[in-house]
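Below you'll find the structure I mean.
Note that the chains are named A, B, C and D in the order they appear, and that numbering of residues resets to 1 at the start of each chain.
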């Protein structure tokens, strides 16, 4: 699992999703334990032994990497807020520019509506016939302060089909039942972010 | 042939044409048999032994991969609809965003007209002096429902020079006499999709 | 030299400059002989033994590759038209979309004016203080018909600083004294094509 | 250190930051000595033995590479102007197009204001709550003439949080306390350049 997460971080880095040491990843190790990437290090250089094991309920660090300079990812609280409300075996946090630009297109109520993309079928339960709604939260000073807002958004019925939360100016949290589904959802959502931004650009031109 | 198709899928994936498990590929094995990629799996991870062999006339599965979890590509019916009307030895299905955006530029009659590109000469029979017309179909809930529309479009004289069908919100089906020509046509059409989208953007600016 | 040209073709392909079998390359072997890539084959797959040796004065084939299916590049006449008027040891032909879009920005007299880029200093004799003018020719049905127009353009004093000819809807011919300079000029011009297109897009927005 | 700088140059080249032999890098070897890349050579081909060692105070060459054709980078004076006013262990010079386009967005007083990006926290001392100001200088004929302007800009209190100077039409100088921080700052600033340009494009469309 650790090897796999490191491989994903390198892939995500190559796509510009976790640049500048940003972004993060976690995955369930057991019902009670999460593997969590370290904070503030180049994500493409994370090694299997650099992960923290944290308590899935309260985020407490259960086992630390031997490199004592490492700190657990700031995503800790948000990742657990997602897992508390969704059947999520893994969550990734992307800092992709396309996620930021897609967040700029949110409506005033903090909602990005995505429709008219076959790619929506790449989401579990997704359909190319419905409007898919993703919550878009305001950014906060500290990442840990986002957790409450993420929890509230995921309690709203209108977002029950979402496997993603966008944070304005910041990026996206994307999850799936396991690492395989999370990876697919991450590809799908980044395609959709590019899609809504690309369409908005062309629509402006076509007016 | 199986190795080659797997290599192409990896190349297409690297270009963003088959992300999120989308897209597909098939090729004639014999007059009566088609090799068909599996559905709903990451296309860049398809192995030579994962292909189905299906009947070229009715799409019936003749030989399955040993991995019983695999299902044949949803493209099955569309691929055969193409082959029934064109001398096609291979068909690829792309989910590239550029194909979706190019589809958005279709005229109300469901036609994308491409002209003013030397690259058109990269299509068999293509010329940089003519308007090249590609049919653009409306998307359907299920991919298999597209087959009838593909067949009708390819019966129309105005599309007789087309080696591609676009599906709105969805992507493109592209073919050639053999895998080599299909690969070249795929490169050419994706260049043309980027080209019409890029020109539309600049034209908007220049008004 | 043959190895080096093959390596460059692979690099150019990876950048989208010679996709769909388009584009080409040549280099002086001796005062009287040119190495010329084959036509209508995937440029990224050209092998050292696939090159033609042609007469630098009249383009006559002096030595053919053993693969008798290969034909000499259509660029033959244009490459020699460049070499007749410039001290060029190598010429590349790019089919990059950025070259096509930059050609769209030509003024009605067939001229692209580029200024305000430090990158202009990457051209031999280039300066970031002057307006650099590149001729933009109308496209023709056959590539060989371009040679006369290229020769005329390169005789005009206003284009004496140009190491490039653009062809509308088609691409660019770029050269240098030797392969090293040609490669640098190719990088510089493609940066400039992207630059004028990117600036035009933003300028439209800023009006 | 030399190996590491060569690796970074290859990485920067792959991203389009040092194309056409442009760009450069330096790093402190000791308090009194700087490692400086050579000028006017393809940056992706620089080898560990190609670096100059120059005096950190006056830029005098202390040790030259054995290849006598090499000349020290034109960035010499600018790099030292940065190091004289900032605690910088390394400086990179980028020729990225995104840096040029971001420079185009400067206000008339020569200032680029960046706000509303979580990525700002990737800068030492950075915050997602403040407006980050980067000086934008006018370009000069010779790179060495930029040094005085860089020194003046970095003396202004309004730019005290900047780890970057932009030069119009040209590119960016970016630094950090050591090579690791410089690399992170380079990633962050290029993300921000893409970000302000991307947002300006969409804002134009949304008017």
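Here is the rule we use: contacts are C-beta pairs under 8 Å (C-beta built on N, C-alpha and C of every residue); 3 or more make two chains touch, one makes a residue touch a chain.
Since this is a predicted model, take the numbers as computed values, not measurements.
Counting the residue numbers that touch the partner chain, subunit A and subunit D have less than half of them in common. Farthest chain from subunit A, judged by C-alpha centroids: C.
Mean C-alpha positions place subunit A and subunit B at a centre distance of 31 Å.
Each of residues 201, 204-205 in subunit D touches at least two other chains. Chain-to-chain contact here is organised cyclically: the chains close a single ring, every chain touching exactly two others. The chain pairs satisfying the stated touch condition come to A-B, A-D, B-C, C-D. Within the complex formed with subunit C, the subunit B residues making contact are 116-119, 122, 127-129, 183-184, 187-188, 191, 194-195, 198-199, 201-202, 204-206. Note for the complex: subunit C touches subunit B at residues 16, 19-22, 42, 95, 97, 100-101, 104-105, 139, 141, 167-171, 197, 200-201, 203-205.
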